[in-house]
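Take a look at these structures.
Shared between the two complexes below is subunit A, which has subunit B as its partner in the first and subunit C in the second.
Here is the complex of A and B:
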């Protein structure tokens, strides 16, 4: 039994939020469904693909409490097609289908027993922190892309989150690049905690916090198997990845022989245009850093056999020696696209040692890219 | 409670490993179809996730959800249903995509239980690509992950797969054990129980489903009638039958193998009856017919046809043209004595 009414706008938004967690190819068929529960004064929507679970609460008038699961795609598409206005949902006693009415539309949707739905994890205890949502969003943007997308080492598909005092360090690596971002928490954690969160879950979180101003609350359960992110009216639980993240500190070069400070927008433009030629030449983009009386420039070039070549130059403040180094253009474009400062510092040692990029004026981010070996 | 029947050795081994906390990271359960491999695997998954202790209690929420196939951390991976070709029946192989999904899920901590358990049903159906993909995970699964492979014939697995698992062999369940189980725990009439326990050839699962489901015994009598008709019918009809069976083979290999195994049992029984060893026969409910039929053949004929069936099975396994194999088999069906008498002498 369930009898509830809510607005089409709220239900539509709620379904869109939890829809991101609905399983696409399900091991458990019921995970293709969305859980609808009328409890207290709110309507709870929940979905899980067993990696991420999203719960969303929307305002509703509840006449009879109750719960059921119905196919997510179907109900989402249907509700989306309805005119705005009031929606009434009814489940008959012991019924396994929902009757949904809105204005002059009516539908019956068959569902499955909510008792069979995988339990949406509740995390009440464990290490809890608060972090500004804007800060978290930027940090995820700067790190998550560096994680491996499909990898025989599952730990690399995740982002390591290291909580220590009032600092959270996020790090991701895929074997060719490494991104490390530090951010300040709103509170202090008592014990040091390190977990690996799937990069996909964080990308999902980023979509959820786009229009949130309040801080995000995050709790890691005592077993360190799950993390919950609490937002306004929405909760997201992600399974954590097991394993040990590589010790990345030793991968960040401690010194350099050449350092160039460049305007970020210029650098990005020159790298993008070189990448066009690099498409046909294994993605190789060549950087030539040339110092000249305390000033200098970087020439960014690419060439592909039988296609052609290009070169672009940007002004730079160069310290140290002249150097030549080549990278995969995609990696450079990726990192330059998320730095978000006016200037970037590029550091290199030899053409076979990793290059380092840092935003100028902030010391909370470092990005390391492995070079490519080329004949000059 | 371990509810797999007639496998004391395997259960003892697993129980001991659980108690001493020294479970292998991957198991290979080998045994003929319906012998209880999946039941044992599910039991082990229950034991690992049970809320009560290290024995599968079968009562707690976790055990019930695993038994019902609803537990988020216990997955059974088998051939997917074939939706592409428009024919009923599963795909031919377990794809690499399924294995990659397994690996991805294995990287995550358990969702609701204590361990993630992946049961790969009919591991023979792993193709070379997916088997190789599985190797790394199989060798070193993440902690809290157990992989259980089920196979009827481990000779058809890559040796690299077999060597990475602890092999547990499940022997055919003795007919008496099955009969006892059916009568005592499943309230089956003794006559039926006796018949099913012999017919299942040690595969207790078949006996249990046959006792629950009328269709299986009915299908069997249908097949036996078919067989009895074939021995007296003309060559044309036999060839028609071969064509039909060959078409069925292309859709569902296993069902044809099933038919031939049934024939093998039948002719083995004829031989036993002929030699006066009727107490060992499989088709206990057909003893009279068997006696009657056995009079029509001599021992050499029966033996010859048994060999022909075995050869046919082997050739089908080796991907010979099914229609040719079955036609050759039809040609080898011996004629019964009375037919020969009736036929005008040439």
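Here is the complex of A and C:
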């Protein structure tokens, strides 16, 4: 039994939010469904793919409380096609289908009993942290892409989150590069906590917090096996990756022999245009840092056998020696695209040791990339 | 030439050739004897690929002095007395051929002492005849030393492979035997270096850890004999198999033992792979160690002198028992990644079901190959590719394109392999291989065989950009890789490369490495490609020197001419 009404806009938005967690492959058939529950004064929507679960609440008028699960794709696409206005949903007593009406549209959708739906984990105990949503969003953007997509070492597909005092340090590495970002929390954690969150879950979280102004609250369960993110009207639970993240401090070079400060937009443009010529080969983009009277430039070039070559130059403030170093162009574009400051500092030692990129004016981010060894 | 009865020496050498075809076979025969003598510790020492020296030292029962020289007589054995005994052989050896066969083609000395004797017996045998027999003090057990194998048999010597290859075969034999007898401690010393040591604790998992690495051993699933198979006549299957997530590119990681005798059997291999049906991708094979225990009278091991083949009286029962036991193990134990507060019915576990519903390329492959229109019409395409217009992709495997004369089907994996192969080969020739450094070195654990190949081919691998450093025991650190391997599982690519090098005889190692690298980096069959990606691939294929075959020699392109199409549709 259930009788509830809500607006098409709210239901449409709510289904889109939880839709990200609907299982795409039928592991457990019911996980292809979305849970709809009328409780108190709100309509709860929930979906899970057993790795991530998303719950969303929307405003509704509830005449009879009740729950059911119905196929997520079907109801999402159908609701999306409806005109805006009021939607009424009814489940007959002991019924296994929803009658959904909106204006002159009416549908019956067969469902499955909500009792068979995997319970969405509740995390009430454990370390709770508040962090500004915009800050968290930027930090995730700057780190998550560096996580490994290939799953031979599961810990590397995650982002290590280290909560210490009022600081959160996010770090990701895939064997070729490392991104580390520090951010300040709104509260102080009593005890240092370190967990590894799947990069995929963080990417999902970032989509959810796009238009959120208030801080995000997150709680890690005492077993450190799950984390819950609480947003306005939305909650996301993700499982955590078990294992030991590599000790990355030792991977960050402590010194350099060449440092070049360049305009970020110029550097990014030159790297992108070199990448076009690099794509036929292994994506090799060559940097030549040339100091001159306290100023200088970086020449960014690429060449492909029997295709051609190109070079672009950007002005730089170069400190130290002239140097040549080559990188996978994609790795450079990835990091330059998320730095978000006007200027970037590029540091190098030899052509075979890691290069370092840092935003100028902020000391909360460092990115380390391993070069490629090429003939010059 | 008139017909004559062969002289005993010639006859002995011919017969010996059947038993002892290479040094590893001699090692095998000696290990059989040691195990039949109840040894709990066996040390194997070889030099010069086993040709210069093979020494097997055991702490088994030993041979009493009065029987010692008999051991070198042909068809002399303590293991079988009557033909009825042949019906139910439970010892590893029984033909009475091993020692005389080895002695016929080498110089053998043996020191042996049974526990009841005070002094041991020393025998020196040359060309099959006892030169010397004396008493000598020694610990209980038997030591057989074989020197100058095949020296008097140059025809065989000529056909032996390199020392490294022969060492590889010997390592293979010893590791397989250690899997069959986890309670026996095996030590293998090759040219003065201890390359393998099994714990001898009786735990098969510990032996697996030594051979395949601790991490892999942890993942292996135990196959246990079912309760219902109380019937002593039914085959009992025990051992370890890998979960579907742990696979290898070759079949050489499957070991089968029947009553602890290492056997090679297509039927058993097939039964095992059937148990994984639907769980593995094409071209991936499980790791397995399977022992089948069954009444000796149900099998015939006397098929071939080397005894590596067996015949089962009831083939189908064995097949069924193996497949059922392994399948049950996989279904019951496959680990399931789930949110840990969620309870869900066991069989519908995440990783598992995902694999079950994966498209099965074998079937598609078979369907495409056997579809009548392409098969008779298929002919090698022209020497170089014409200008092609991409129409689409079928089965996420083949690109369909239209050319000036009809239709072209391009195997995306084979085509990409060709492109990458030529690219890396040219880079190497120009000494300009593109290399990607690792920010953090990747640790790789190797098997004995892989380790030997790695050391043998260190220079060639370095030319391709592998910077690999020894990190104790059989662990290595990979510090850089060919840029082509970016985004691949580095450890897996390297071990599979080594496995590939270990298969069969290779003439040009450098080229073989390029082939394997290309194969690993190439786009896989089953991957959807965008229109642009297909265009790029065809353009790159056009630029290669041999666009019509992949480096393994398989065709990249099948051409169906306009004339053939017309004929097929009955237009002329």
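As a working rule, the second predicted complex is superposed on the first by the 376 of 376 C-alpha atoms of A that agree within 3 Å, B and C clash if a C-alpha of one lies under 4 Å from a C-alpha of the other, contacts with A are read in each partner's own complex, and residues count from 1 in each chain.
Everything below uses one rule, namely that contacts are C-beta pairs under 8 Å (C-beta built on N, C-alpha and C of every residue); 3 or more make two chains touch, one makes a residue touch a chain.
Bear in mind the structure is a predicted one, so any value in this text is a computation, not a measurement.
Visitor: Between subunit B and subunit C, positioned on subunit A by superposition, is the outcome a clash or a fit?
Guide: Clash.
Visitor: State whether A:334 touches subunit B only (first), subunit C only (second), both chains, or neither.
Guide: A:334 sits against neither subunit B nor subunit C.
Visitor: Once chain A of both complexes is superposed, is A:370 in touch with subunit B (first), subunit C (second), both, or neither?
Guide: second
Visitor: Between subunit B and subunit C, whom does A:313 touch in the aligned arrangement: first, second, both, or neither?
Guide: neither
Visitor: So in the superposed three-chain picture, is A:157 touching just subunit B, just subunit C, both, or none of them (first/second/both/neither)?
Guide: The answer is first: A:157 touches subunit B but not subunit C.
Visitor: Is subunit A touched at more residues by subunit B or by subunit C?
Guide: Residues of subunit A touched, subunit B against subunit C: more for C.
Visitor: Is A:88 in contact with subunit B, with subunit C, with both, or with neither (first, second, both, neither)?
Guide: A:88 contacts neither subunit B nor subunit C.
Visitor: Counting only touches as set out at the top, which of subunit B and subunit C does A:224 meet: first, second, both, neither?
Guide: In the superposition, A:224 contacts subunit B only.
Visitor: If you stack the two complexes on chain A, which partner ends up touching A:239: first (subunit B), second (subunit C), both, or neither?
Guide: Once the two structures are laid over each other on A, A:239 reaches both partners.
Visitor: On the A-aligned overlay, A:99 touches which partner chain: subunit B = first, subunit C = second, or both, or neither?
Guide: A:99: touches no partner chain.
Visitor: What is the contact status of A:198 with respect to subunit B (first) and subunit C (second): first, second, both, or neither?
Guide: A:198 contacts subunit B only, not subunit C.
Visitor: After superposing on chain A, which stretch of subunit B overlaps subunit C: 151-159, 241-249 or 331-339?
Guide: For subunit B, the clashing option is 151-159.
Visitor: Which residues would you name on subunit A as touching subunit B in one complex and subunit C in the other?
Guide: Shared contact residues on subunit A: 25, 27-28, 50-51, 118-119, 121, 150, 152, 223, 225-226, 239.
Visitor: Give every residue of subunit B touching subunit A within the complex, in rising order.
Guide: Going by the criterion above, the answer is residues 68, 70, 72, 75, 100-101, 103-112, 136, 142-144.
Visitor: Please give the residue numbers of subunit A that touch subunit C in the complex, ascending.
Guide: Interface residues on subunit A, with respect to subunit C: 25-28, 48, 50-51, 53, 118-119, 121, 149-150, 152, 173, 175-178, 223, 225-226, 237, 239, 246, 251, 280-284, 305-306, 328, 352, 354, 368-375.
Visitor: Can you list the subunit A residues touching subunit B in their complex?
Guide: The touching residues are 25, 27-28, 30, 50-51, 116, 118-119, 121, 150, 152, 154-155, 157, 198, 223-226, 239-243.
Visitor: Which residues of subunit C touch subunit A in the complex?
Guide: Interface residues on subunit C, with respect to subunit A: 337-345, 348-350, 353-354, 357, 423, 426, 430-432, 434-440, 442, 465, 480, 483-484, 486-492, 540, 543.
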